[in-house]
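Following this message is one structure expressed as structure tokens.
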Amino acid sequence: MENFFHTIFADASYPYEDSDIIIFGVPYDGTTSYKAGTRDSPDAIRSVSYNFETYLPRIDLDLSGLPVCDLGNLEIDCLPDLVIDQVERTVREIAGDGKFPLMIGGEHSVTVGAVRALSPECYIVCDAHLDLREEFGGSIYNHACVAKRVLDLGVGEVFIIGTRSGTFEEYGLVRSDSRISTYSPEDIAARGLDAVLDEIQEKTSGKRTYLSIDADAIDCCLTPGLGTPEPFGLRPEDIRAVVDRFGTVCCGFDYVEVCPIDNGQTAAVAAKIIRELIGLKNKK
Amino acid sequence: MENFFHTIFADASYPYEDSDIIIFGVPYDGTTSYKAGTRDSPDAIRSVSYNFETYLPRIDLDLSGLPVCDLGNLEIDCLPDLVIDQVERTVREIAGDGKFPLMIGGEHSVTVGAVRALSPECYIVCDAHLDLREEFGGSIYNHACVAKRVLDLGVGEVFIIGTRSGTFEEYGLVRSDSRISTYSPEDIAARGLDAVLDEIQEKTSGKRTYLSIDADAIDCCLTPGLGTPEPFGLRPEDIRAVVDRFGTVCCGFDYVEVCPIDNGQTAAVAAKIIRELIGLKNKK
Amino acid sequence: MENFFHTIFADASYPYEDSDIIIFGVPYDGTTSYKAGTRDSPDAIRSVSYNFETYLPRIDLDLSGLPVCDLGNLEIDCLPDLVIDQVERTVREIAGDGKFPLMIGGEHSVTVGAVRALSPECYIVCDAHLDLREEFGGSIYNHACVAKRVLDLGVGEVFIIGTRSGTFEEYGLVRSDSRISTYSPEDIAARGLDAVLDEIQEKTSGKRTYLSIDADAIDCCLTPGLGTPEPFGLRPEDIRAVVDRFGTVCCGFDYVEVCPIDNGQTAAVAAKIIRELIGLKNKK
Amino acid sequence: MENFFHTIFADASYPYEDSDIIIFGVPYDGTTSYKAGTRDSPDAIRSVSYNFETYLPRIDLDLSGLPVCDLGNLEIDCLPDLVIDQVERTVREIAGDGKFPLMIGGEHSVTVGAVRALSPECYIVCDAHLDLREEFGGSIYNHACVAKRVLDLGVGEVFIIGTRSGTFEEYGLVRSDSRISTYSPEDIAARGLDAVLDEIQEKTSGKRTYLSIDADAIDCCLTPGLGTPEPFGLRPEDIRAVVDRFGTVCCGFDYVEVCPIDNGQTAAVAAKIIRELIGLKNKK
Amino acid sequence: MENFFHTIFADASYPYEDSDIIIFGVPYDGTTSYKAGTRDSPDAIRSVSYNFETYLPRIDLDLSGLPVCDLGNLEIDCLPDLVIDQVERTVREIAGDGKFPLMIGGEHSVTVGAVRALSPECYIVCDAHLDLREEFGGSIYNHACVAKRVLDLGVGEVFIIGTRSGTFEEYGLVRSDSRISTYSPEDIAARGLDAVLDEIQEKTSGKRTYLSIDADAIDCCLTPGLGTPEPFGLRPEDIRAVVDRFGTVCCGFDYVEVCPIDNGQTAAVAAKIIRELIGLKNKK
Amino acid sequence: MENFFHTIFADASYPYEDSDIIIFGVPYDGTTSYKAGTRDSPDAIRSVSYNFETYLPRIDLDLSGLPVCDLGNLEIDCLPDLVIDQVERTVREIAGDGKFPLMIGGEHSVTVGAVRALSPECYIVCDAHLDLREEFGGSIYNHACVAKRVLDLGVGEVFIIGTRSGTFEEYGLVRSDSRISTYSPEDIAARGLDAVLDEIQEKTSGKRTYLSIDADAIDCCLTPGLGTPEPFGLRPEDIRAVVDRFGTVCCGFDYVEVCPIDNGQTAAVAAKIIRELIGLKNKK
């Protein structure tokens, strides 16, 4: 018969059993408060993933035929605690099967489920926001509380790259809690990203680390498809450098908070970085 | 000084204390599952309300200077039960002050709070959907459960106009529960809308009645700005006729589920119908 | 050489000198107050005119090769009185050359220039709005004052079809000034459009008549590409019937107030009606 | 494990071998000339299909668990003759396996492949356009030539419902070729759709018949998501009536020419009609 | 009662009498000629202002509760000279009350009213365009003439930062009129922005200075929401540096020419810079 | 009579016979596979060309009145080989008349026709993609094969600037075929663009050279209006530098692959670069 295709993430049609990397989407945006639409992110990122060649010249590797499986989207509930439970069960099963979980949000709160399942020692996140609130809008699982929840789960070190937004209380917590290290775009401009990544690499070396990319770490003038856009931010190249450095050593990964209401550029950056992460993990 | 204006609903700048009609918005869409954006509805409806003249030729009344107050939008929480509580407290206070609550959603679940506060005997709703699920997505306050919650609150009669979507179980409940009357677009085409409204008027006459307009009762080809669009529906003229009939006798009113992602026509219909309701209530 | 084409109105590339019908656009929207963008209407209508076949089955005529000339868009000034002067000079010259002026707006105020140049005895307009204000926003040439300006120019009879919006004062003028006849969508539904058009035809028979189509006469749920959208209006078929009746006998014609921010349907209706008008005038 | 889903047409996840109805998409729009984007139609229709309940009240049937399989989209070539070959091979195999082919375009030219594979005696199509050109733009497989190609394949009777656009030559062919019957929106308004469908049913009774829906048969003011939009057309209800009448007896079906650049209403109508066709075929 | 909010600029709800900074919007775009929509800028900037935290980490200050008042939008006339008069009266009153006027356009012409009211000695503007025309489109108050009008008002020094567009005549005036200093993006790249700002600071030190930001100074690839977009421009960081340097010493400020037809990034940059200006003025 | 204008490229209304530069558009996108809409590029670029002043300060030249002619858009066929033939005949005639052909795509495949007509010795292209496939989707004239076709036509040296996408086979061809030189964004960052351009200039000096700009060479975060967007690319300034260097010495030029679905910035960059090229060629 002719060739047909369903819109899964490109080149991720391997059977679950034989795959090393397991992709899944979580189309949840129930606690977001500014622009709606982050729920549409997984399918938008999958769609643009077909725009890219299977061969990655930067890594010199072809992605076709690699042991990668896209499960599709979780059939989610409508409350954040329930969705986080769904994510936790999913990631626990994937990790329990010895595979690498690669989650595509949805809003940032889904990260809490993955961290719960994986119990990392370190948490590296690119984010414009500190996400260190104790609760917001009546829920401790609001996407404004992710980093605080991660700390509460016993993660020993939290590194927030690209941060430039938070409350007075959140910045107070940054100053008072030695587990938290933050790197603003101004810090990174001053020190150089390589120096920052060296510092983080040294502190996380040998420790079980989770890596989360909140798309709004990038300047909203470059990637405006965001639920809570912030100008004066990082460049896509900076996120790529973070993933180059930590993508192959982390125990779990997610890319969240893309809100595909722009002309596709924000999802394109996400898809490209995810494809290069898949390449890097298979190149090793 | 020059004249300035803030974007409140047009001609609704009277002091709360002296107003008879109190407008407020609830920018909540946390349990919706298809298209995102219903949260933006109150401001979109307010914005287009300025496009219309203050004089209503059909009613022969000028809206400027009438005792109508727009409170603005509720600062909402992020969980449906909490938002419904906020709505309940708000409507209770408005009604307690002897004023008429006119709520602009947001998703349909907010209606539950208003019904809780007002304890009507009858509930008339225009809706493509039955909204009779017991729960959905892990919450009994999902917008797919509104009519069921209304029944649970002890409302004696529920009239659903324009319905054309529901599960097998929901349609079973319609058949088995004598409190529920439904009128599909095909029923209305066959019997004539006037006959249907006569029937409802007879059954609700003298009873405390709540009126809710779910914008998706209207055909999505005429008003595509909807979170859960359904074709083969009613016309805006039908909704106007329902409001003409029951708007002046009901104890509370809401217009919900507008999702302003179209070219403005769905919000324009909502704003016009709300303006005419205000006119009708002041004309009496 | 190969065939090339510039985006003029389709099949309107005849030399000015030899043409009977002269099309021109006026990309002006400087006095509009709600949605911006009517300036883009002439080019949008030209663009969609190529979507239609040159043959018109309803009229049994092929438009290719007919003596019709599209001059392009006026290089307009930025003040309404100046733009109206430009239109007046243009229409005066076209009519002075014995040709039929077919103007594409831009906002409705441009009609004043055409009426000034042509000095008709009767003015037939399809419009949701009365446009009978004495002045608005500091200018008597605001697009809310068109019909009043037309009356001031000495036009003896004004027929407003589809009207459903105006101030208390404007409706007062309708009642007090015997030169003005209005037909609301409700009137038309009650009497039938044919009866209304018969009445107007009788009153204008043998008199020099100008015909203006304000696109917002049509219901904004059917054609949402409008600067001042109004629901509860006419259907495109109604406008076509008006143009069928009066298009071939009028001394000048315009189609104004299309604001091409929708999915193209409002400009498509305009282009189709203009093409059929061209056909009708050439079929005679 | 949790439930996951990929975006196939809703409730069409049965294995191919055991299915009676086989859905597939053809994301091709290479010969279109006005608005681009019909290639995105299959995925847009699939996406909105999830917006609808699995239960169909009009048919009293639940679609979940029915033997229906969505193969996904054909991996298409870039030339019309090659794509038509791909469609032909696909439909031949589906029909050869005793299953019903339900194709989602893409542009109308793909219909030629299906007709070639099925060799029907009659061809019923809803279309604003005659599609009777011998060739267009250098190709006999342009989407403006579909009905002519169908005639060339030896189909004995062609019924074109909703037609209102064609060249002088195409209308000449309609008059001269007794195999072609056309029904314009004006014809249908005059005679009543039921009378028209009775006539077609009588002529096709007992004959192998193919049914094709070109989405532009519907008025572009109701469904503006079209590559070649035409106003003054049919209503979605008319298309539903055609599918109600002929959907269960035809040997093959397609829905083509949706161009999802609107607010989703055109795809919503398509998805709903396809779902009801599936229901009708399973209700028999 | 519950908390409600109207869409005024975030954290600008102090009473006028007690406020030091007075924000107001001027939704005027009547003389613009390319893309329409600048009229929607004040509300778009207000809307996105809620996306940002009240705490500003770069300034270490929380904006909530500061003496800042947003009056709302001027109810504007439709002719540029009248609107400029309205602005002049407004700014005169605000300044007369000893408060700082912070105006949000609308098109650039509104600046003329503010300058007339404040009679500064120096005028610093970020703009892609020279705006030095004597008149345009029949009006000396066209937005293409702002800097020329400012000179005519007797302002002694005009500094245009980011300029890269003008007529031959305008560039001639730059060369011949010693009151005008211009800094193109190429100049700034060559000399460094700090050196340029040092030069301007030296020349304006101790003099009454007005600061105007025309949003199109920024490269349209970074902020495409502009009425007259120009590529090859400045970065948002450059505008922030200008406001950091002169925002606290100027006697009046405006941010104009945002045309919110993009994905929100242009308004986001404007809102963020305005918020930081408010912070800086309160930090002193 | 008043001044009118048709939407040709700004300041390109000179008679063909007396013009040195001949602009034409090719609205073809029939072989594209990801985002549709490149067909609309020529008119979008023409439209924004009016946004820019006729005077170019960087070049100190006014474009008005220069001998430049915009023929309009080719009336194209629907198959790539036919369209390429049309382009070849057009360019052959233009070049045969001693004029410079300046083509606006449409998709990249149209370049093959121009190269066929001009038989250059060298081919310089800015492109994210190698375009070195032998065939794609059943056609050797797919836009993914342009550079390979150029090589097949006997062009001795191909320089691909900004490339970052290709198959394993295409990259293999780059390594094995000494006629091909590629410069990735990383190469350019490492070596400096000037050094790269020096190298190319040296190799092409004195040889007949064609220059093609595929808009996707630029990073899709800066110009998202692209049919096959790629992040991590060049800046508009880089393309300007390439055109500065080679625009005045090349024998033919095109700007292709703009897909105007963004907020206009991609077309704005194209129009500005084309205008500066026109200026540079007239400045000489």
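Lettered A, B, C, D, E and F in written order, each chain numbered from 1.
As a working rule, a contact is a pair of C-beta atoms (placed from the backbone, for glycine too) under 8 Å apart; a residue touches a chain by one contact, two chains touch by 3 or more.
In this text, all values refer to a predicted model and were calculated from it rather than measured experimentally.
Q: To reach chain F from chain A by way of touching chains, what is the minimum number of steps?
A: Minimum step count, chain A to chain F: 1.
Q: With centres defined as the mean of C-alpha atoms, identify the chain lying farthest from chain C.
A: A
Q: Which chain lies the greatest distance away from chain D when centres are computed from Cα atoms alone?
A: Ranked by distance of C-alpha centres from chain D, the top chain is E.
Q: How far, in degrees, do you have to turn chain A to put its CA atoms on top of chain E, rounded to the nearest 5?
A: About 120 degrees of rotation relates the two copies.
Q: What whole-Å value do you get for the distance between chain C and chain D if each is reduced to the mean of its CA atoms?
A: Chain C and chain D have C-alpha centres separated by 37 Å.
Q: Distance-wise, how many Å sit between the C-alpha centres of chain C and chain F, to the nearest whole number?
A: Between these chains, centre-to-centre, one finds 41 Å.
Q: Quick check on chain C: which residues sit in contact with 2+ other chains?
A: Residues 222, 262-263 of chain C each touch two or more of the other chains.
Q: All pairs of touching chains?
A: Final set of chain pairs in contact is A-B, A-D, A-E, A-F, B-C, B-D, B-E, C-D, C-E, C-F, D-F, E-F.
Q: Going by the contact rule at the top, pick out the chain D residues touching chain A in the complex.
A: Listed in rising order, the residues of chain D that touch chain A are 1-8, 24, 43, 47, 70-75, 86, 89-90, 93.
Q: Taking the touch rule as given, give the residues of chain A at its contact with chain E in the complex, in rising order.
A: Counting only chain A, the residues touching chain E are 34-35, 164-168, 171, 184, 186, 220-222, 224-225, 228-232, 261-263.
Q: Tell me, which parts of chain B touch chain C in their complex?
A: Its residues touching chain C are 48, 50-55, 57-58, 62, 222-223, 236-237, 240, 262-265, 268-269, 272.
Q: Using the touch definition from the top, list the residues of chain C that touch chain E in their complex.
A: So the residues of chain C in touch with chain E come to 29-31, 33, 36-40, 76-80, 82, 136-139, 142.
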